[in-house]
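Listed below are the structures to be examined.
Okay, so chain A shows up in both of these, paired with chain B first and chain C after.
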Partner chain A sequence: MIHTTHNETASPKGIDAHVAARQRWMGLLARADAKALEKAWAELEDKPAYVVLRTPETGMVMVRARTGGEGQQFNFGEMSVTRCVVRTDTGHQGHAYIAGRNKTHATIAAVLDALLQVPERHEALDADILEPIRYRLNLQDNETADKVAATRVDFFTLVRGDD
Partner chain B sequence: MLMNSQDVRPLPGQPLPGFAVPVHDSQRVFRGILDAMAHPGKIVELTDLPDAPKALNKASVAVCLALVDFETPLWADDAISAQAQAVTHIQFHCGCPITTAPEKARFALLSQGTDLTSLKAFCHGTDERPDLSTTVIVQAEGFGGGEDVRLSGPGIKTETTLSITGVGTGFWQAVRDNAQRFPRGVDLMICTDEAIVCLPRTIEVED
Partner chain C sequence: MYVAVKGGEKAIENAHRLLAQDRRGNPGVPELTVVQIKEQMSLAVDRVMTEGSLYDRDLAALAIKQARGDLVEAIFLLRAFRTTLPRFATSNPIDTTAMKARRRISATYKDLPGGQLLGPTFDYTHRLLDFALMAESEAPDVATSPSNDEALPRVTSLLNAEGLIEQENSDDTAPVSDLTREPLDFPANRDLRLQNLARGDEGFVLAMGYSSQRGYGNTHPFAGEIRMGEVEVVIEPEELGFAISIGDITVTECEMINQFKGSATEAPKFTRGYGLSFGEAERKAMAMALVDRSLRARELGEEVQNPAQDEEFVLYHTDNVEASGFVQHLKLPHYVDFQGELEMVRNLRAEQAHVHAQEQMLKAGE
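Then we have the complex of A and B:
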């Protein structure tokens, strides 16, 4: 028997649209500059009460990679990761996994993940917290791209006269 | 800078907070379990334990948090499995697989009042590998105040007495039957809200 399902919200990979959106904001929170995020959190109004379900803890994860993005996967190396899970008074659970050992960063990211799940608060938080992170990440990307571009070497072959 | 509140109530099915200081708390509980296993029948008190969800008690949750992980499938009886929060709580903090086959479980959780009729179904190990057996966590109401049972065996110098309230009538007979299977058999950890007592398969229950 063959089952076919059709889901309007499913992205091409089959990931729920809400899950995909949450993955994006969790990624942004994780890549945010810790100092800047702490400042944004301090300035945030109407902070929720929360309990820590999983206290921030640091561990190692194995990073897998493929050479040139293809071929066999291999163990690239281990990196330290800090994770944290909280539950806010809105009843939402917030999760955070960040690179490095900054426990404050992990806790703030987890609380913000929970808050971003509240539909009424999402838009304001997106503008106040996520937008500056996007801006800074874009800036960094451009800077890197510029640096790379400045040292770019174009290889080309002169057309030789055939006659 | 960060706020924390005890007033944040969980929704049904959400896990509760685990150990406050995971490394030190689990080491402390582990030390208690070692002490209890080395001295069968000795009441070992465990303090400052995190809250337990419905159908579980504090010491049994603490034992799970300290011992159960992704490599140890856990089996829970029907009364516990029926409580979504109890299962989610353990799975969230331990990351363990939940099995419905008792013979495949490395740890088993039994509700308070159980008479241990299910004991036969667990893994008893083999004569070559008796260590492969299931460790059974039995929840009870308390120690003392019931009928005293005399215990002896390895880890007990002469003999000791123990009474457990909140277990089924067939409990001690099942413990005796379990000891008969030595070197095979299961090890029991009796848990209340504050303390644990271990009854490994070497225990001799006197009539």
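Then we have the complex of A and C:
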């Protein structure tokens, strides 16, 4: 069954539309399959020139959780993350924070973040870069959900004895 | 006493080469790849990430290979590596209610919104060795069934609706302890205890939880809910000024529901124990939830009588990197210490023999 959780639907309140859109594409770029993203990047026409403002660097994020899933915060454990900041010749700054240690992924994501901010380029990039990511994530989610759904327990009650 | 001794460099170097050769095993057998470990020893990877306290599947798999499958050694390697990395940020709290669950069960409600999803579990297997796995095989087909987007409300929220279970306090202004930054301090608040238990040794936490079930601390637990699946991690980098999602991690969560008799000021109600682990680590999450509840004895006004309720005893002994280090340091050269002890025992014996001889002489003279 097809659900489309990775489509750009809910827009957080009180945040301007541009930021909301940027949050969504940054989340998609972070979840892109690194190999597929490299390929899409290689095939992209009119790549901008860019300077690296913050060289790709791997570090950690301390992941917080809540007691009982909803209470007081606690430090759960860390995860690896790689960040990068670039400025393209279009004059835009691109940022990336990507789970894991793939510096190429972080660099490409940062450049694309900058490029997606260029109004004239956005639509084509959305179709060429973001849409395949959305499609793959939705497909994966749906496949997983359908497999899990087959393990759902259907209880039936045995009535015994006199009525 | 500690005295530096030179020597043994060549022996150490050769021992490490021998280790490398033994790690490789029979060269006629194909070498295990890190990717294979990541894909096919995934629960070992999850344990190493949880207790290594660093979510990185590739690094955990590498550590397992390097440690020849010794998971505590692999956890040590991962912990050592994490000290080389800077911390960029602290995430917003993960939202496990919004988890894309691959497993979700409750032992307290048969019919609950969203249903019971078994997912990939060892439960209900017969624990008979499967000799078919001795041969290479294709990935088996699995059944699918149309899924829906039904939300999975927390089981505790069902009890919350009736006011029968304690409410979690979600005061976000309270400071959050971090034992990677400050040493363990007592009395330890629940945030510090949970961080300690989350990275604690599964065997130790399991044994402590087990002891609480067997009567050393009476908490009457029910597995209210266990869920496993993916949650997104969101950070708010200062330079951006807004929240961004950096990816998903797999976690296992367990909520234990426990009896509470009530007190002079509070009506009887259920209380909660919480367990959370990286990846698929259900036994660990369940054990952690038991121990979390036991360690809440003090704040719930219960008498602290048993090991699992004693926060100093538990929290000082959860860490298998520290425990392993302290136990194993005994094999390092203690030649000088031991010479001292040897001398002392010889002296004590000589003194005792002297006293004895004098007594004999006195007796003989009477």
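We adopt the following convention: the second predicted complex is superposed on the first by the 137 of 163 C-alpha atoms of A that agree within 3 Å, B and C clash if a C-alpha of one lies under 4 Å from a C-alpha of the other, contacts with A are read in each partner's own complex, and residues count from 1 in each chain.
The criterion applied here is as follows: a residue touches a chain if its C-beta (ideal position, glycine included) is under 8 Å from a C-beta of that chain, and two chains touch if they have at least 3 such contacts.
Computed from a predicted structure; not experimentally measured.
Of the two partners chain B and chain C, more chain A residues are in touch with C. Once the two complexes are laid over each other on the shared chain, residue contacts for A:R152 go to chain C alone; chain B is not touched. Put simply, chain A uses residues 57, 85 to touch chain B in one complex and chain C in the other. Taken in their complex, chain B has these residues touching chain A: 1-8, 10-11, 14-22, 92-93. Remark: chain C residues 49-50, 53-56, 58-59, 82, 85-97, 100-103, 110-111, 115-119, 142-149, 154, 156, 168-172, 174, 176-180, 190-192, 194-195, 198-199, 232-233, 235, 237, 239-240, 242-249, 253, 255, 272, 274, 276, 278 touch chain A in the complex.
Of all the residues in chain A, the ones that touch chain C in their complex are 1, 3, 5, 15, 19, 22-23, 26-27, 30-31, 57-81, 83, 85, 95, 97-101, 141-153, 155. Chain A makes touch with chain B in their complex at residues 38, 41-42, 47-55, 57, 85, 87-89, 91, 93, 104, 107-108, 111.
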